[in-house]
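What follows is a pair of complexes built around subunit A, which joins subunit B in one and subunit C in the other.
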Partner chain A sequence: MKKLVPTIAGLTIAAGASITVMASSHREAPAIAEDQFVDNTDVYSFISPTNPDRLVIVADYVPLLLPQSGPNFYRFSDEARYEVHIDNDGDAKEDITYRWTFENHLKNDKTFLYNTGAVDSLDSPNLNVTQTYNLDRINENTGKKTRILSNAPVAPWNVGKRSFPNYETVALQAVKSASGVTSFAGPRDEPFFVDLHVFDLLGVGGAPTTDGVNVMSIVLEVPIADIAKGGIQPSSGDTSKSSVVGIYASALRPQIRILRRHHDEDDFGNMIQVSRLGWPLINEVIIPLGDKDKYNRSAPKDDVSNFGAYILDPEVPKLLNLVLGAGCPATPMGGRTDIVGLLSPNGTAAADLLRINITKGQTNAQSHFPNGRALADDVTDTLLTVACNNGGPIGDGVNANDKPFTTTMPYLASPASGNP
Partner chain B sequence: MNRTLPLLLIVAAACGSSEDHRAPAPAPVKAAPAPLLHATQTDLAKDLDDAAARGTWSEVKRKWQGQVLRWDVTRQRMLCRTAESCNVAAFPILRPAKHGWMPQLMFAPGQFAALETACGTREQCDVTIEGTLARFEASASMPTNLQLADVHVVTKTARR
Partner chain C sequence: MAKRVLMALTTAPLALVGCGSPSEDLPTEPPTSVTKVTSGGFTSPTDAVASPDGKTFYFAAYDDLKEPTIFRTSSAPGSAAEVLATSEPLQAPIGLVMSCDGKTLYIADMGNEIGAVFSIPTDGGAVTDLLVTGIVRPAGMAMDADCKTMHVTGRTEDGRPALFSTPIEGGAASLVYAGDPLVSPTGLHIDNDGVSWVMDHLAHGANGEGVLFAIPKDGSAATEVASDLRMGTPGGVSLTAGGGTAVIPTRDHEGAAQITSVNIATGEMQQLAAPDMLDPAGLRTARKAGVFAVVDSEAGAIYRAE
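Here is the complex of A and B:
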């Protein structure tokens, strides 16, 4: 893999040229960077490695978390909604939504400790600070809401070896199933790998800067028939619009927050979308700074109307040429319709949705970006290569996560310990 | 705890969203906006840039909403496959995109077929269209979004 770093020496950046970060969607827009708990960082989807009739969806939030971040360790916001949306007929409008809403619990408010002794299970009386969640499935076409899980536990933070002598055993107790659906919510090792020195004038050289940090993960595994159009998994060889589903994740907050001098804040009003993500890096490197917050508030069905011109003529190849002399060819006469094509497989409407083939016979081995996204996919290299389109590979020099992924729920690696 | 303010806000919000069961008053007849002397997409983009700098979004919307516009646009087949799903590029592609919006076209009867005839088998072609700016969303917080209705193809033979 060609690294960017060898070609950067001696080159300067023209005044005013902006550098975009290749961190999928970590702190990618000004407003969401101030609201970390609802910052959607990555979405993954793949056919289950153990059952080809099931689809796995991972939505990560709250980026770049230090393991030793006590005493108030990271969690999901109990004022927000976390959602995964699925378009199953190719029109870029969600047909099914899965919604997680969280609640905080405190056993003893007379101590500052997250846990008051060693924790060997989720039911441990020593686990002082906990979260639970409800999981609902909403049929967006009928409005019908079905409760799948009530008061399901969130995996605790991996405080350290004294608090959790066997952390992963405890964390895996947070894998819960009902109605054929399996869900997990809690901290995991950050699966996205990248050299974040890209912030420094594209000065990447293979430094694994996301190793050792955690992220808050929501993992969902569902029967494919549950999310397919009409409730029937498409036949093998089907190439219709409904042979793929389009997925995006989002986070919503109440419209009104009132801060009080002598009391905790109050939140009111309708829920407003503050973050969303389908493909990695779209809002990061396609949408310019002035529109990034607007992108987070908008819906995929309007992506072409709102942002289509940015997709047809992306800034990335010009930056790669300007800064690195990468030799990316000029945008062709008709624009980057190759990228539009990747965003609209099988005749679906072009939109920032992570699309994956769900026809019978699809396997986990076929679930690689842009057909879904496996946890191990090096999307930074893939997208830089596609964006530049100079006939050769381009990458950041970081090609794998530091920890291996698993083949069972929740698939992501155990989070880094605060005191290993 | 003083909850008066939030309660008032909630009541206000509820009142704002509640249904009015009285018979709706007849909609006032809107006068067509005065035609613009400068009504190209470049003129609109300049107004939007000014609005972003000075906060004059309402003024820009009043000025442009309902205008009949004759614009040169680029049609990519991939983004304009059917009469029901058609967005066009308002600016030349090879110029670095300074605006993301691509107007959605709602065709007058028979006019999508006219577009197909004008463009032939080409994947992209430049055409002149005329239509009414029926939907125009522009604000400090949401993306610019345009829909031209009653679109007619003016140029019968595509230039490219």
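Here is the complex of A and C:
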């Protein structure tokens, strides 16, 4: 989206605008940075590239994972809940929740090995450490919970070529379908592309710092009618509040954890939300340090009252001007209502929800941020350009993922190997 | 945070309706007001109980040094709490129950290796480990009508969520009920007919998560009484005299604190707003006074409802 030229500061400039970059929501708040396994990093949503009647939602967790992270490779927490919430009537309150809960399994506790030989399938006896999950759908208006998948397998870690001669063949066995819903959970190549040198006083230079790292992904593909208000996909041309759905992902942990000297820890009590995300970069660079943990604990319906001031008068343009002389105009009287407008399409309540048009006739090609979010969308550039609003595009010099995405479940690229 | 409609219970456990015999020992009506009793000097209170006459509250919390502590306070609004016991052997006190005569406080503690049940005289003294066996991670407690037996929620040694009974002197616990549909039982009330009323955070009932179960004395079943109860940790429940109404501290779908009264026969729910509270939890009634002790675990305060 931009023409990049080098600058004397080692930065790149697009059409007269300075450049910066952020990581979407990786380790973005103090509390969640200490609880990596439930750190929600990104949410994507797009119309299925193969079936326009279906919607794909990707929720990524556990950021910046080194492929060679053995012997205890990354996984989902078996004490947490991972959830995707959908608002289908525009009031910023969830109407439908999909919930993944995980369980760990160990075949042989007398070895330190994740796998005791080459693994050619998820059922391989050599695959020593495994996870399964249950997927539930909760109608938040009636409280009804429906079990969609029971004991579905999580794709294993890509340990290396000796352990997984054909890793992707094994991993794709973790794509499971039931009741018209398709689900995948497991490690994938980190789809978010960024130069993390930004946190050295915006010292970016187009370095693809998230190349070669993995993330734990949950991918859901559902019939649009399953999530639409009243169970009916809106007609083409519908511009009502229910013509879009608002999506956010979250993770929850039990309220109390007790560590024991000689026994496993106990997690206990009410489930507390510890991480959430709709749009990229909101909690990363819009919400200040003093409120980042609060953001992760709060609900989108309260975003205006809790955090509206940060949206109306964001820090990012001021920082761009201060450090890079980007020429971002001052916040206008009344604040950045243009950004609020993007967060409240078709008259929906303003909130940090990833909203996407679900009317009939929508196609995958139309699913680009902020109408949903495609895996390849350069949201950093988009949001920086919107935030600065100086009339020119702003980018970071990292414009694409290092691996191509696919057109079939789970859509994300195969995770980087621990021993390629 | 959701928009569920509170629905009248259509599957009321008719066999259990009214099984709490009429008694002068409990408040006859659900509370109509909530007033702060004490705050300051402690954080993260878990459970609270009232003396039989309702004039004194006892509660478990953490003192300013973050040591687990049992506090005592007058139940009058604006009172100051005093320390009854602190630190070892207490680790993570989470459930309390008062002896019928008001002279002994029993404590379910989830700390140490598998948890423990302690006792302490209400006029002060040493904390005693009752050496209860068979209960892992004790959570909620209730005193039987015979005043000689306690019921305790927790887990079995093989990890199943469960309800136990144990003599007040301690020793081996007896399993009353274990397994589904219980998931994470905490708060507990036992009525005069021996029916246990159990709060469960994670059980999912007909109307949503957070369920009140009724378990008869013989442990033959766990029957869902009400669901979609967004309770704090630990869950709290007390029945009014006659067993007609369960009083439960909850939050509404917007997160606002309230005291919910559930008509056991019809499932109808009524809410008393508690706007000063953040996260209401453990609740217990006085045995002979119309007052309930309630904790606000997040704000660090003790309230009285009456």
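Simple rule for what comes next: the second predicted complex is superposed on the first by the 399 of 420 C-alpha atoms of A that agree within 3 Å, B and C clash if a C-alpha of one lies under 4 Å from a C-alpha of the other, contacts with A are read in each partner's own complex, and residues count from 1 in each chain.
Convention: a residue touches a chain if its C-beta (ideal position, glycine included) is under 8 Å from a C-beta of that chain, and two chains touch if they have at least 3 such contacts.
Just so it is clear, the model here is predicted, and its values are computed rather than measured.
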Partner chain in contact with A:177 - subunit B first, subunit C second, else both or neither: neither
Partner chain(s) touched by A:269 [first = subunit B, second = subunit C, both, neither]: both
Subunit B versus subunit C as contact partner of A:256, first or second or both or neither: both
Touching partner for A:331 - first (subunit B), second (subunit C), both, neither: first
Partner chain in contact with A:315 - subunit B first, subunit C second, else both or neither: first
Which of subunit B and subunit C A:142 touches, first, second, both or neither: second
Residues of subunit A touched, compared between subunit B and subunit C (which is higher): B
Subunit B and subunit C contact sites that coincide on subunit A, given as residue numbers: 256, 258, 260, 262-263, 266, 268-270
Residues of subunit A touching subunit C in the complex: 91, 93-95, 138, 140-145, 255-256, 258, 260-263, 266, 268-271, 299, 301
Subunit B-facing residues of subunit A, complex: 256, 258, 260, 262-263, 266, 268-270, 287-288, 290-291, 293-295, 297-298, 302, 304-310, 312-313, 315, 318, 330-331, 333-335, 337, 340-341, 344, 347, 349-350
Sites on subunit B touched by subunit A in the complex: 1-3, 5-6, 9-10, 13, 52, 74, 76, 78-79, 81, 85, 87, 89-91, 93-97, 99-104, 123-124, 141-147, 160
Contact footprint of subunit A on subunit C as seen in their complex: 1-5, 91-92, 94, 110-114, 137, 139, 184, 186, 201-202, 204-209, 227-228, 230-234, 254-255
